[in-house]
Structures are given as structure tokens and as C-alpha cells.
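What follows is subunit A paired twice: with subunit B in the first complex and subunit C in the second.
Coming up: the complex of A and B.
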């Protein structure tokens, strides 16, 4: 328990830091509403002017509910601490962790989760209200079992995104100009996770390609659990695959981190 | 006559300084060529995702509240061109403002014998983000122009370029305003996120939005002038009121942002020293 105490402190520090910039958080929340509004108006215009009930495999209710839920989940599971890790590697901030009895990997995860907890609470409350409204107006077939599996998948999606973030951050050991790699990975994650639009509208061939990557389990999969698009069997398989991808990213992250640490020359210390 | 001469002389001086800014930026970017090409490659990726979405929307073959589906290419082309302008000439300058305030660079700029607003908001020019958006924008615009059957006439091209210039002035004025909040909210990245989100809301035809949003985005916070007006003009869908508003708005909002800047600078007190 004593060994664990330092990570609780890291969690608390992350929480304190997030509470310091409350205005920033509120503005960041507002900024995520604009793309969602644009998408809702766009797809409403498309469905309103079309004679077909279904477009690209989606009816109006499922398309709009996907856009709303996916936008919120996208915010919920977002990370972004790869820049801090990269700074630590490049400027020698990692030095102090080498000499101290604390694991850098775990410190970062706990500090991030601490900074995320307030955001998680507020965004989850917003999501709960929105889901209640959507379900009462369009009856998506949300039931307690689906809600539980949805919550579990969100938690796993957050962990998966966190470990992917750590995995990508290790690029800083080899690349001095790693900003491009980070922006590219963010773009790829945004696009392939289904955070911008439902990725299955791009066709079966594209979906088959995504089956071999972890990204669709970050936004697309949790959204379709609550959206009612997935059957229970598909949900259980998806959750198992989420766990498998988390294990794989942790293992890969540790391997890359270990190799990277051998290369680390503690510049700036 | 004397005033006009003086104004022309000042304009010439600032034009010369701006050319030096451009030259310096080009030299700097060519010095770090790997960075330049990485940035170019990244912008191509962003462009790719935008194009995938455009093709997806046009594949539905549905008209967007009075606009044929193929006209989406004209809107995307115009949006990309405007993004090229914005990213090249304004984006990095605007997002650097908060850095200038926190690290004290702004204090140094104040002492220079040149307009502080000019120095702060136009100092950097980025070529790597401009090139892909310009090339992609022109190609997509040409495809949309041809697919929509728009005649190639002097009036259409001149009007299009005119509203594009009007969009550039609006981009400067409207996108600078939220960044000026950096003077009040010192820390944070969310202002940039809001500015980016607002910019992207212009990527689709304004006809998709409800009446209140259209009014808000055209007359109060005129984002739709950025790339929608030029596209609507060539499609003969702009309307008489907006044809005139598209000419007045850039002048009006430029002066408004100038006033805002002057006011904020008057209250500015150095944070770093």
C-alpha cells in the first residue's frame, strides 16, 4: 500500500492541475460542440432532401445519434500528454525519475487519470442527459445491460488510448522532431477511430483493414454499443479485443520504452 | 494630396517590411528542410481526410437545401484555398500571441518603430501548409466548377476572386478577435481549439444551417463570408443583400478588430518583467 501511495499523490497532483485551469476546460468543452453541430445540420440536410430512408447504411436517427455520442466519447477518451513525455525525453526531465523510486510509466498514467477525472465526471453527466433525451425521443433500445457494457467499453477505450499515447510518445527517443509523428498519429486516431463520422460508411474493404488495427475500439465500438447497432455477441467479442489491444499496447510500450531508455543520454540534466 | 502621399509612403514602407518578413521566413524554413517537408506531408494528410469526406457527401447524390451535390466541390475548393491563406499568413501569428504575452516578447515589440499589430499578427508566413491547400483547392475548385456547369466568364472569375479577397480580410478580422482573449486568459490551449472549430464550421455550404445560425454566421460573426460567399456567387445563389454585405463587412470588421486591438493594448501591463 505504501508503494502505491506515491501514485495516489501523482493522481492528486493531476487533479489539482486540472482544477487550476477551469476556464480553459470550459472553453475546450465548448469547442467540441461546433463540429458536432455542423455534422448534425449536414446530415439533416442530406436526409431531408433524400427520398431514401437509409443513406450509406444509416437511417437518420442512427446517424444523428452516432454523431452526438461519438463526439462526446471522443472528448471523454482524449489524451494529449504525449507532448509532456516528449519534452521530458528531449530536455532531460526524465533524469529525476531514473534516480527516484517511482516508475515514470505509472507516474504518467496516474497523473493523466487524475487530470482527467473532473472532465470524465462532467462529460459523463452531459452524456447521460443526452442519452436519456435521445432514447426517450427515438427509442434506441437502451437497457441496463447495454449501459453497463457501454461504460465498461468506455473505460477500456480510455485505457487503450492512454497506452497508445505512451507507445507513440516513445518515438521521442529516436526522433528529435517528433511533433509531426504526434500530429499524424492524432489525425490517424481521430479518423480511424470513428470520431469524425461512422467509419463503416467508407465501405467493407476499409472496415476489414481497420479490423487489424486498435483504433476502431476507441470511439466507433463504444458508440455502436449504446447506439444499438451491435448485438450482444459482437459486444462481448469487441470487449475481449479491446482487452487484447490494451495488453498488446502495454507490452509494446514497455519494450519500446526499455530500448529507448538504453539510448537515452540524459540531455539537459 | 499631402495626406495621400504620406499614406502611400507608409504603405510602401510596410510592403517592403512585409517582403523582408516573407524572405526571412522562407530562408528559415529552407534551413530546416526536414521540418518543412514533414509539415507539407502532414498538411497533405489533413487534405486527404477532407477530400474523403467531400467525396462521401457528393456520393449521396442529394442536393443540400437547394444546392446540387456536385457543388460541394466548389465549396471544398474555396474552403481549401481560404485555409491555405489563413494557415500561411495568419494562423501561426495568431496562435503565437499568447506566447508573446507570457514570455515577454510583446514588450520588446512595443519598442519597435513599427505598428505593433502589424508586427505581432503578420510576422510569420508558413509555406508548407499553404502549398498543399492551394494546389488541392485549385484542383477541387476546377472539378466543382466544371461538374456544376458554371460558365467561365470574366464576371464570375472576377467576382469569385473579389469575394475570396473579402474572405481573407474577414479571416484576419474574425479569427484574430478570439485570440485577443489571450490578454485576459493568459494560460491555456482552448482558445486555439475554439478558433479551429469555428474555422471548420465554414467547410460546408451555409445552406445546411438553420436561419438563426445563418444570420449569426453572416452578419454578427461573419464566418460564412470566408469561403461561402465566393462559392455562392459563382453558383448565382448569393442574393442582392449579401452581394453588398460581402463588400461592406470586411471593411467594417477590419476596423472593429483594429479598435479592439487598440483598446486591449491600452490596458496591457507586462506580465513577465
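Coming up: the complex of A and C.
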């Protein structure tokens, strides 16, 4: 237990420093609304200028509710500590972890999750309100079992995204200037996870490609649990695959970090 | 007493690349980068005993920090051997990490947005220090460094000097047997420098902690270290008492002259190396064995108003060691 205490403290410190800057925190929440509003306007314009009830397999209500729910989930599972990690690698901040009896990997994950808690609580509350409104007006068929599975899948999605973030940030070991790589990865993740629009509108062939990648389990999968698109059987398979992807990203991340660390200590921070 | 730090033929090289001036060469470098090797530390050897304070002195890029990094396990050497507290540092065993600390003046380990006591508490958890011992040590250290009232202040609001004190406290909570300090007084004002210095000296006497520090401030080294290792171009050029550095240059003296009326400066060249000339003043370096005759002649030939004979100052001696380059000198 004593060994684990340092990670609990790291979690606590992450939580505490996230509460230091209230204005920044509030603005980061508000700013994430804009892309969603843009999307809603865009799809409204498309639907109202078309003669078809359904576009690419979605009717208006389902498209808009997907976009709202997916945007919120996108915020819920967002990471962004790859910048901190690459700073540590570039400026020798890793040194203080190498010389102290603490694991960098675990330390980062715990302090990140700590800093995430506040946002998680507030965004979840907003999501609950919005889901209630949508459900009572258009009946998505939400029931307790679905909510439970949905919450579980969100938690797993957050973990998956966190470990993906660590995996991508190991790029900093090889590239001194890596902001372009991060922006590329962020865009790719947003797009391929279904955080911008439902990815199945891109067609069957594209979906098959995404089956072999972890991204769709970050936003697309949880969103489809709650909006009733998936059967229970599909949900269980999906959750199992989420777990598998988490294990795979942890393993791959560890390998990349091990190689990167070897390079780091050979070259120096 | 046996050595707590043992270093033998430690060697470290880095690879880097060069680019000639101009766009053409930038394009060329895009495809082909010529790898070059820099030898940062060339086969150095030394031993340090428990309780010693040893100063590492050397110009920028001499290899001081690289050596400290290898001794603390941050860097892997290209070749050579080192044992610190009986451990090979770059194996990075947790038992080893629990027994030393490294403080880098230009890096911080404290959480920027939170008060220092939070980061200190994190270190308590990291090093698994029990409550009683933690509170006791923290009390003593904050008392000594006079920062008791600052523990609850956000770290970003602290001055550089106060932050350095907190860094020192953070690194001493687990009572390390060895303390590596990389330029602990960099950028601090004279009073803060002195306070940090006094603290390190006191702490070393009380706790018998072995301290290995680098600094560019001669006062740090003079005030703290009995023994100084001067390193230049990756080689140890001097290992011994700082005040005795000049014994290497024992055969020269500095003569400062003041004249009553202008003289032909050129004619001074016959006596020795002219170091400085200003209006009616001149400074020349003369071989010790010639001092007597030279003075007699100078007094006879020139309208000398006043003169002094001095040893080469320590700073000057160090600077001469720096510029001497790779030539190793014998241990004294």
C-alpha cells in the first residue's frame, strides 16, 4: 500500500492543479461547443435542402443526436498530456523521474486522471441532462442496462485514449520538434474515432479498414451504445475489443518507451 | 575509509551533425547528415570519500554535467566503470535511488501551480518516508533555510532563491547519503548564494552527507570545497586543494608598475609577458627566478612611482588551466 501511495498523491496533485485556473477550465469547456454548433448548422442545411428523408442511412434526428452525444463524449475522453510528455523528453524533465524511485508511465497516467476528474464530473452532468432531453422527445430507448454498459464503455474509452496518447508521445524520443506529428495524430484520432460525424457514412470499405484500428472504440462505439444502434451482443463484443485494444496499447507503449528511454539515456536530456 | 564514489576510465561520446552556412547546405542536410563524434568525457578517474565536499570546476561544455548525469544514472557511459554507494548508477536500482539526490539549478522538480508543501509531500510518498521522520526533517530544513512561511505559497510566486531552497529541501527529505548539485546557485543574488552555500556547508558537517557540486562561481567552490576537480575538454586537469592551484604556475609572478611619466611600453617586453597597459600603469608576468634582477633593472631604467609583486590570483590560475586544453597535469 505504501508503494502505491505516491500514485494516489500524484492523482491528488493533478486534481488540485486542475482547480487552480478556473477561467481556463471554464473556457476550455465552452470552446468545445463551437465545433458542435457548426456541425449542427451544416447537417441542418444539408437535410433541409434534400428531398430524401434519410441521408447516408441517417435521418435528421439521429444525425443531430449522434453529433451532440459524440461531441460530448469526445470531450469526455480527450487527453492532451502528450505536450507535457514531449516537454519532459526534450528538456530533460524525465531526469527527475529517472533519479527517483517512481515510474514515469504510472505517474503520468495517475496525475492525468486526477486532473481529468473535475471535467469528467461536469461534462457527465451536462451529458446526462442532454440525454434525458433527447430521450424524452425522440425516444432513443435508453434503459438502465444500456446506461451501465455505456458508462463502462466510456471509462474504457478514456483509458484507451490515455494509453494511445502515451504511445504517440513516445515520438518525442525521435523527433525533437513534434507538434506537427501531434496535430496530425489528434486530427486522425478525432476523425477516425467518429468524434466529428458517424464514420459509417463513409461506406462499408472504410468501416472494414477501421475495424482493424482502435479509434472507433473511443467515440463511435460508446455513442452507438446509448443511441440504441447496437444490439446487446454487439455491445459485449465491442467491450471485449476495447479491453483488448487497451492491453495492446499498453504493451506497445511500454515497448516504444523502453526503446526510447534507451536512446534518451544514451544521448542525454 | 573506503571510497563512496569510485570512477575509473569513464568515457562518454555523443554524436551530432554540422551544417555549413547557406541554403544549399540546408537542402543537402535534409538528405545526408554527416555524423560527427564529440568526446564529452574522456576516460576520467577519481575517488571520493564519505563526507567530502568536492567541487567540479570547468568551462561550459567541459563535461561536468555529463559526469554528474552518469553518476546519477541519467546517462549511460560509452565505456568505463563507476560505483556509487556500491551500485552501478546506470542500472538504476530503486535501493540506489533512495540513497542519493540530484538537484539541477536550471531544472525544477516542484509542481509549478501548487504550493511547495504539496510537492514535498509527494516526495515523502515517493521515498516512503514515515510521518514522524518527515515532519522532523521538514521542520529542521525549513528552519535552517528560513522558508517556513513560504510552504503554502504557490511555487510560481516564489523568487528564484526561495525556489532553490525548496528544491534543496525536496531533495534532502529522505536524508540522502550523496547529494549531487549541478550549479545550485546559478542566477541567484550574492546574499542568496551565500545562504545556500552556508546551508550546504552546515548540512554536510551535521549529516556527513557527501556532496559533489558544480559551479561557475569561484566563491562557491572556495567557500565549500576543500578539494576541487578541474575538468576541461573532458579531462581532469587538476585534482586537489583549490588554494594550491597556483603551485602549478609557481614559476611566475605578477608585477604591477606605476610610472611618473609615460614610457616606451615596447621596451617592457624584454622583461616578460605584458598583461595589461593603461596610461601610466602596466602589469607584466615575470619568471620567478628573474624577479630580483628584473625589478632592479626596471627601477633603474624607468621612472617607477610604485610597484607590487603578486602571485597569480586563483581565478587567473583556473583560467589558465581552462585554456591549457587537453594536456593533463600531474596530481598534486
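Everything that follows uses one rule, which is that the second predicted complex is superposed on the first by the 264 of 269 C-alpha atoms of A that agree within 3 Å, B and C clash if a C-alpha of one lies under 4 Å from a C-alpha of the other, contacts with A are read in each partner's own complex, and residues count from 1 in each chain.
The criterion applied here is as follows: a contact is a pair of C-beta atoms (placed from the backbone, for glycine too) under 8 Å apart; a residue touches a chain by one contact, two chains touch by 3 or more.
None of these values were measured; they are calculated from a predicted model.
Colleague: Look at where subunit B and subunit C land on subunit A after superposing the complexes, then choose clash or fit.
Modeller: They fit side by side.
Colleague: Applying the document's definition of touch, where does A:96 land relative to subunit B and subunit C: first, second, both, or neither?
Modeller: second
Colleague: Would you check which partner chain A:121 touches, where first means subunit B only, second means subunit C only, and both and neither mean what they say?
Modeller: Neither: A:121 stays clear of subunit B and subunit C.
Colleague: One more residue to check, A:16. First (subunit B), second (subunit C), both or neither?
Modeller: second
Colleague: In the overlay, answer first, second, both or neither for which of subunit B and subunit C A:41 touches.
Modeller: first
Colleague: Is A:183 touching anything from subunit B or subunit C once the two structures are fitted on A? First, second, both or neither.
Modeller: First partner only, subunit B.
Colleague: For the overlay on chain A, what angle lies at subunit A between subunit B and subunit C, C-alpha centres, nearest 10°?
Modeller: It works out to roughly 80 degrees.
Colleague: Is A:196 touching the first partner subunit B, the second partner subunit C, both, or neither of them?
Modeller: A:196: touches subunit B, not subunit C.
Colleague: Just checking: does A:265 make contact with subunit B only, subunit C only, both, or neither of them? Give me first, second, both or neither.
Modeller: A:265 contacts subunit C only, not subunit B.
Colleague: Which partner, subunit B or subunit C, touches the larger number of subunit A residues?
Modeller: B
Colleague: Touch test for A:5: subunit B only (first), subunit C only (second), both, or neither?
Modeller: The answer is second: A:5 touches subunit C but not subunit B.
Colleague: Subunit B and subunit C, closest CA-CA distance after overlay, in Å?
Modeller: Nearest C-alpha atoms of the two chains are 7 Å apart.
Colleague: Do subunit B and subunit C touch any of the same residues on subunit A, and if so, which?
Modeller: 21
Colleague: Quick check on the complex: what are the subunit B residues that touch subunit A?
Modeller: 34-35, 38-39, 41-42, 45-46, 49, 52-53, 56-57, 59-60, 62-65, 185, 187-191, 193-194, 196-198, 200-201, 203-204, 207-210, 213
Colleague: Contact residues on subunit C for subunit A in the complex?
Modeller: Touching subunit A: residues 14, 66, 69, 72-76, 90, 92, 94, 97-98, 100-102, 104, 107, 109, 111, 113-114, 118-119, 121-123, 125-128, 154 of subunit C.
Colleague: Under the stated contact criterion, what part of subunit A meets subunit B in this complex?
Modeller: It is residues 21, 23-28, 30-35, 37-38, 41-42, 44-46, 48-50, 55-56, 177, 180, 183-184, 187, 191, 196-197, 201-202 of subunit A that touch subunit B.
Colleague: Would you pull the subunit A residues touching subunit C in the complex into a rising list?
Modeller: So the residues of subunit A in touch with subunit C come to 2-3, 5-6, 8-10, 13, 16-17, 20-21, 91-93, 95-96, 98-102, 262, 265-269.
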